[in-house]
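Here it is: the structure, laid out below.
Per-chain residue numbering starts at 1, and chain names A, B, C and D are given in the order in which the chains are listed.
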Amino acid sequence: MAGQGPTRERVEAAYQALETGDRSRVAEYWAEDMRWLVPGNHQLAGWWEGLDGFLDFMGRVGRLSGGSFVMKREAVLLSGDRSADVSHNVGYRAGADGSPSLYDRLEIDVIHLLRWRDGRVVEGRGAVFGDGTTTFNQFWSQVRADGVRTDG
Amino acid sequence: MAGQGPTRERVEAAYQALETGDRSRVAEYWAEDMRWLVPGNHQLAGWWEGLDGFLDFMGRVGRLSGGSFVMKREAVLLSGDRSADVSHNVGYRAGADGSPSLYDRLEIDVIHLLRWRDGRVVEGRGAVFGDGTTTFNQFWSQVRADGVRTDG
Amino acid sequence: MAGQGPTRERVEAAYQALETGDRSRVAEYWAEDMRWLVPGNHQLAGWWEGLDGFLDFMGRVGRLSGGSFVMKREAVLLSGDRSADVSHNVGYRAGADGSPSLYDRLEIDVIHLLRWRDGRVVEGRGAVFGDGTTTFNQFWSQVRADGVRTDG
Amino acid sequence: MAGQGPTRERVEAAYQALETGDRSRVAEYWAEDMRWLVPGNHQLAGWWEGLDGFLDFMGRVGRLSGGSFVMKREAVLLSGDRSADVSHNVGYRAGADGSPSLYDRLEIDVIHLLRWRDGRVVEGRGAVFGDGTTTFNQFWSQVRADGVRTDG
């Protein structure tokens, strides 16, 4: 796919590969030298470097949310070597299922802007709509609403 | 253009019309019943309803920043009735040109997700990359770094 | 009382005078040249200058919260010309009574540090315990959880 | 000292003991079952449980700031079993000495409210004046202004 930009199908396939957690399948869509920028200023925020860094990030998301995260993709936009996907994400802090607190339950609309090279993602940056970055910071905070600290 | 989605050229033209401030030109690209969601929880955050609401928002941006805002568009992505444009924005709080404070100077990378209908934008939502939503809140805050209040 | 610091009784009396809203009574405890620093970066944050500025702030608190604010004083500490009072504050955004949202309901533990001169408060600064400054910003935000803007 | 509240001298002595890092000296002023609440929602925020938890917190402050933190005490207030101390704190993120960025340099006015029992602190809670909680979150964030992640 050298020289070609991503298609909607390839974007979908990249995320599906990611969900399998199978590194060799993931590496078909996500470049070894990729980087990923998580919005906010919480424990997961900032640039994750390399495919291993990205997988480390994804693993922490799974662990901190007890595997509860559900991303529902709503749109994929394209242009040249870029794609943007919009999704509605819902999840709970591990052990806090059903809590209505913004420190325990996350519900946000996000957009990821990806840059591709030879069929693989080389850079991704996420951003949250509305005041979702504030609630993102609360959700990933190492404190809960009552100030009790949780493991990072 | 009924039934057709936006093109890159039309997205550019929509923003250029907006910059003229000429309501009749603006209305060729932005629908009367449009709405626009500004990220964060500051004085400009939230949904602005209608073209007049949107123009009110734009007017406040200009006034609060002393007309200093510069948006440099870096990419436009498309899909059906949607577009997403990425831009690098720099501006100063009115009267604070040259200040390095995050309460006075804004430099962010943003993405706007637009939905179009018959050649006009009917909905737009912005989101900021990195920790830009925090600095967005600081920049649009009615306080400066030293706690001095400014007019809303 | 020139030359003497505040007593616990005088601190209590100052807040009680404030609650009456009777400017002449208020002025017995709060100096005309007083200033007051509200924590956070929301619409009420920052320094309010002069007794009239302070009363303007208090009026906005009442209006934005539909008069729902309840401050329960828990302790008053003293030293020379300073006092510090700790209180537990609960209130709702006007029109949002009973909503559990952090954008509608505020419950915080705060401390106010006051400096006195001749029996009157000349400076006050508030600060919020825990992550209460984040929820303070959400509560006083001109947006609600769903992004709907409210009057400032 | 059973039954007596703290004095200004004892408050000072407690902080001086803390600075020595000598656990047995620290334990003369800070109870084994103490707890301490750090404001904000960053990696150090929330309740630290027990003297060991508190010392863990203090150790992380030192490590993350490269030992640069300077607290200048400005006032100590008293009442019964409580004390409140006000201080002006300045520090740099480890390795970022001299940077003007709010993500690298902290300058805040804080107040600590302590509860004492038999001459020892059993509970402490800190709060930051102005918009210092926002800058506190930025300073202790695991990201820097450019999004580069730092060790927690």
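FYI, contacts are C-beta pairs under 8 Å (C-beta built on N, C-alpha and C of every residue); 3 or more make two chains touch, one makes a residue touch a chain.
Predicted model only: the values in this text are computed from it and were never measured.
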Query raised in the report: If you tally the C-beta contacts, which comes out ahead, B-C or C-D?
Result: C-D
Query raised in the report: So how far apart, in whole Å, are chain A and chain C when each is placed at the average of its C-alpha atoms?
Result: 40
Report task. Could you give the separation in Å between the centres of chain B and chain C, each centre being the mean of its C-alpha atoms? Result -> 34
Report task. Please compute the C-alpha centroid of chain C, do the same for chain D, then give the distance between them in whole Å. Result -> 25
Query raised in the report: So which bits of chain A are touching at least two other chains?
Result: 37, 41, 45-46, 130-131, 134, 137-138, 141, 143, 147
Report task. May I ask you to sort the chain touch graph into line, ring, star, complete or other? Result -> complete
Query raised in the report: Where on chain A is chain C touching in the complex?
Result: 100, 102, 130-131, 134, 137-138, 141, 143, 145, 147
Query - Contact footprint of chain C on chain D as seen in their complex - result: 8, 37, 39-41, 45-46, 75-80, 82-84, 86, 109-111, 113, 125-134
Query raised in the report: What part of chain D is in contact with chain A in the complex they form?
Result: 37, 41-43, 45-48, 137-138, 141-144, 147-149, 152
